[in-house]
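In the two complexes that follow, chain A is the common piece, with chain B as its partner first and chain C second.
The block that comes next holds the complex of A and B.
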């Protein structure tokens, strides 16, 4: 290392004394770096590399030419370039496009430390990562430094785009896997399974009417992690879902058609911009509870070799706590890790215009570094009060694999919503006709005030869903009594065994027209329940066309037809798609289905009705007894709080019993008449009418509700 | 990478050929920016370009910015389908006007 002067400045920056090289290592011209931001940042003429380690004693920057096995340079950070625990250095004249980088670190041994100077470590802040550039392409298993950081231009032109800030109560969420949506040949995509292909499906999303897509993990993960051959099919079983993060700041390269050109950042931003232009928000499913490094037996990729005791929750003996069920637990309430999570989400919100985040196993984020649940978790509080995340949706999966279940009690700070697991469970039991479920479903329909009422959170805290990626699809919920996970090669032991599902009379596929018709009717009942309930509805990818996973309720490893959406179902189950689209339109036409506050049975305007009232076979006489299978409720728009007062009367009745019977309709004020919007007892297209086309009822006093059927009436 | 520049009336026509990547983009930029500064109405003949990398696309965008800053326009002629596809997926395509032939390209500029 020598100090240099009269070396000249890199091209184009001769005028900038602040970026003039001051040091040299071999042919490389250097300057002490800036500690912030962490990661590799393009600066005039060079790249600023900055990396933190609380206990490393030395750090070396390792540079590769793209795709080459061996590094072409190793530049030790001069000790004078270290500030506190941060090593930072500007390297000039790098070919941004051709460089891959990593770090070597050395440090002390002993419990809690895992330094390995042989390992070339991935930068935890890398914004693009190479090594798994094309999905499913078999890697060179002996390649040194299998995952490497790459440099990213931060010059995307968003024009006038920014996050949409749709009020959360107006969202209809569609949960999708980027690859699953378009990998099937029926998708007709030029680049199946990619961000680019998803962009081609925007017209479909618009047609369905959803205004928010929640993407299953897109942070860089390794689909080859724990991959194995299925003894049944001989196919490779992959880490398909991707709930195992390799790098928190990098979009998954293999999900981008242009990943092999290193343009995944541009491709994803182009997708987000196009979705926004179509009025569709983007939520990311983020996995901050663990990393891809596993436990003591796992590979050293990044965090472990950089700062094991900072990034992971460790026992006093130095073993990994496993609250995630995946080998390790990210140490989220360590101040440095907390800052990383915050930096990461800020980056996605500011640079990718992401509209919100769903946090996988979020209860872990509220545990202290020794695993105990915190009453006032600093990370959750920081996220809730962060200026840049100020308008982002924050959604918790409010439980973890360590037994912490916080649905209804997740520390919310007035910001956090939750995946409402109780909605899923109660909806499933009610829909299949279980006894004693009417009282529970009434709570779910009205936005779960039992969970979100006392603490002032309101129905917008409740993400309502009947199905999600984890478990049966809607079709399978109505076609299988038992899970059928044999294809996962775990002897059907994996996956949830209590699914509250009902096969309608035959396990799996059937030719019986009666069973098929019943499944279609129950699917429509499910959409009716989901989309008339207060709270935020979430629909699983393909449920609007009855996608099947053939009874597999844990398809985490299936890179095949079990997970790929078969677009020919759109024709085969056109009645369901039409019903779902019209049901979404019905919801969006009625603000009183989307209240910000719980309805409480009061008359807020003096219009003479309670805002929300419950009914039975007789109007105004709800039957909460165990034997009752009728849930019927009325929302009186004119009596609602101001936000949803400009609305009609809406009457919903759901009969989950196997008998049809007459029900008395509540009377309407003078001048209004009941119109039928939905009757799932009828075949398509009479089962649902678009907003404005509802059919006036001849008999305004009573209605014969079909067996296992739902109706929605509009009083206008 | 090679660039040949000629004039068609008030329009500069630059025929670009070869690969434009991180290694050649700076040279291409050094040749094209003075052209745009002279004559911000530009047709880039791209049929000889086999590969445009991320850095190459950024060079093109810079040319576009220089042209529009001078109230000019950049028309790309004869772009290969593959490059067009990449530009579409990564958001670059929308900034440029495309034409199949030089005549069409010149017409775009005159029509502006």
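The block that comes next holds the complex of A and C.
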């Protein structure tokens, strides 16, 4: 299909003017605006400004020339420009490229209100924000209106791109921080730590085989929030992760190489388009539980000064509820805030072609305005049934800092998936050889039917992970018994103390070849477990090359080597990267590892086998006793439900004990033979074989499984 | 430093030379030049930018304007952009709207 161009327009259409100035303020020509959409929108000849406040008594538009300290104009919204609670005005003849804007609002005092006419407020709907244009560049602390809205064009050419709509069961997710991926000098990026640099890493992502990247927060945040000097290193500690939103509609300017030119929107869209062209979906980690304004002591940036009691959950005395652990709690089930969240996600889905969202501390989104958990939370329901988000992945971190833990019970409406914290915990305990974990790991491997089966949710409700940004990396899980967070300047009090980690015999780095080999073997076991489990696997950035955070399990403030991926690890731990890539390929080659429905031990086709069966040292005899450390299961592809029936037999055995022993293999139908795809007891490159290159076993009846080892056999 | 421009049209080709700095304040000048070129209904627009040291987003957006104004079938060439401009074109996705070449042959 040809692109449409303006030459085809009927005569007169280009010249028609239906938006013309009717009012004047000084040299500015004005017109009553349109209440929707909120924010600043380009209209013919001008800009439509629209902002909501339920109790403001006056509102003034404040205009700056780009980069100048003081405003060049302040235009009060005439009373006649207010419709209901919405102030809206079209201002003509603005220089789109050069203008920055904010609002002044005044209103009543008393509990719940926080109007301050001295403050110049950021538009909650600003689509681009200036003020932190270059990551880490020290701001002018005295600048009036430190964060300002900017205007955004809608001229990006997506060509034929749109969200990829990969079936969720086929996803392999890679969780990454935009800056962390390329900030290290070993990345060789010309613009380290940016969207542009991430685009250069697409070949790496393709080679690894992931088809989805989940970006840690990229909505505008302030890396300088709560910044301080480390007493240990003297370095600045930043708000590096970015779980503290300044503006929900704006990409973080400092993550764009072109941010100082105001082109962050273009750069991010270019990245998404390129990822899509490579077959990689983009999920955003979104933080709707709180904002960067903190508690009573925090700065007035936007929401507080516009409509404090609408946007925040407040006690009757007007103090901030703190279910987020970050000072305030966004009032997501207030209808206006709910609509803002919806508008926001629709904008990212429609304008940035984002494929889905992971909601930080999502249990908060199910609390009523006074904090009580709702049985049927309107926001979660609205998101699940929204037409524009209809094909988006919706993923909940199903707990919050106020003690609400909803893994397995998050209100899902048939749509929501969850970060499965129980998978993480059970997988860690099993992998390090804890007693009494075989029963639990069997549930996790089969997609956690105990959590999701009862209400009809399949394995696709479960985002399986062993590590994520929050906690140890995979390397550190196998190298540290204790967290080592001293660099965070909180006396090692911060971060989770219960990590289910095991250092394999030495705390931290070691030269002991035996310990190093064991760590590599356990890392491969972890990839085997994660990628043969039903549900959606998620891999933490750099775990495929054993990235270390030197035992720090809460690196939220570290803008340095603790968080920056050292690409030289790709050579040093080439065996792990090769293993991970082949393991992903194995998963993608076998639809029965990616079922939409839980397997229940039935034979769905009359092929003579249960779809999923459990085994022990003897075939068909699983041992669920506490002392057992062998989990073994077989998927009979031909007996599966139709969606994954075109598959072989797959046998996985994981021995987390310190002893090797023979295991009996279940018999295959005539004509099929067991082939070895994976044996982590062997050194690279014999530890894993690419799909199609599996090695036939001489002994089809039994297999000597190594200590702390995993095998995957293909019956074909 | 100001923006120096020139326009030459012949045989369906509009040749525009830009030198100096194309910041937001002079983007309108570039846009007027595009409009002027469009009156000749060219099939090809060639921008000689070897001596252009800076191009703000406002200037890049004029490229989109040119496409919209003249029609998507008009090809736009940028000849010998300096490295920072070439990079910005690539990072912001504007590179897909134009053909970037080191030299131009008739």
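By definition in this document, the second predicted complex is superposed on the first by the 699 of 716 C-alpha atoms of A that agree within 3 Å, B and C clash if a C-alpha of one lies under 4 Å from a C-alpha of the other, contacts with A are read in each partner's own complex, and residues count from 1 in each chain.
In this text, contacts are C-beta pairs under 8 Å (C-beta built on N, C-alpha and C of every residue); 3 or more make two chains touch, one makes a residue touch a chain.
In this text, all values refer to a predicted model and were calculated from it rather than measured experimentally.
With the C-alpha superposition on chain A as described, chain C and chain B clash in the combined arrangement.
Applying the stated contact rule after C-alpha superposition, one finds that A:23 touches neither chain B nor chain C. With both structures placed on the common chain, the touch criterion links A:184 to neither chain B nor chain C.
Once chain A of one complex is fitted onto chain A of the other, the partner contacts of A:469 are absent, as it touches neither chain B nor chain C.
In the superposition on chain A, contact of A:457 is made with neither chain B nor chain C.
By the touch criterion stated above, A:577 is placed in contact with neither chain B nor chain C.
In the superposition on chain A, the residues of chain A touched by chain B in one structure and by chain C in the other are 95, 97-98, 153, 155-157, 190-191, 194-196, 199, 257-258, 261-263, 266-267, 269-270, 273.
Of all residues in chain A, only 11, 95-98, 153, 155-157, 190-191, 194-196, 199, 257-258, 261-263, 266-267, 269-270, 273 touch chain B in the complex they form.
Those residues of chain B lying in contact with chain A across their complex are 21-23, 26, 53-55, 58, 61, 85-86, 88-92, 95. Touching chain A in their complex are the following residues of chain C: 24-25, 27, 56-58, 60-61, 64, 67-69, 71-73, 87-88, 90-94, 96-97. Across the interface of their complex, chain C is touched by residues 2-3, 5-7, 66, 95, 97-98, 153, 155-157, 159, 190-191, 194-196, 199, 256-258, 261-263, 266-267, 269-270, 273 of chain A.
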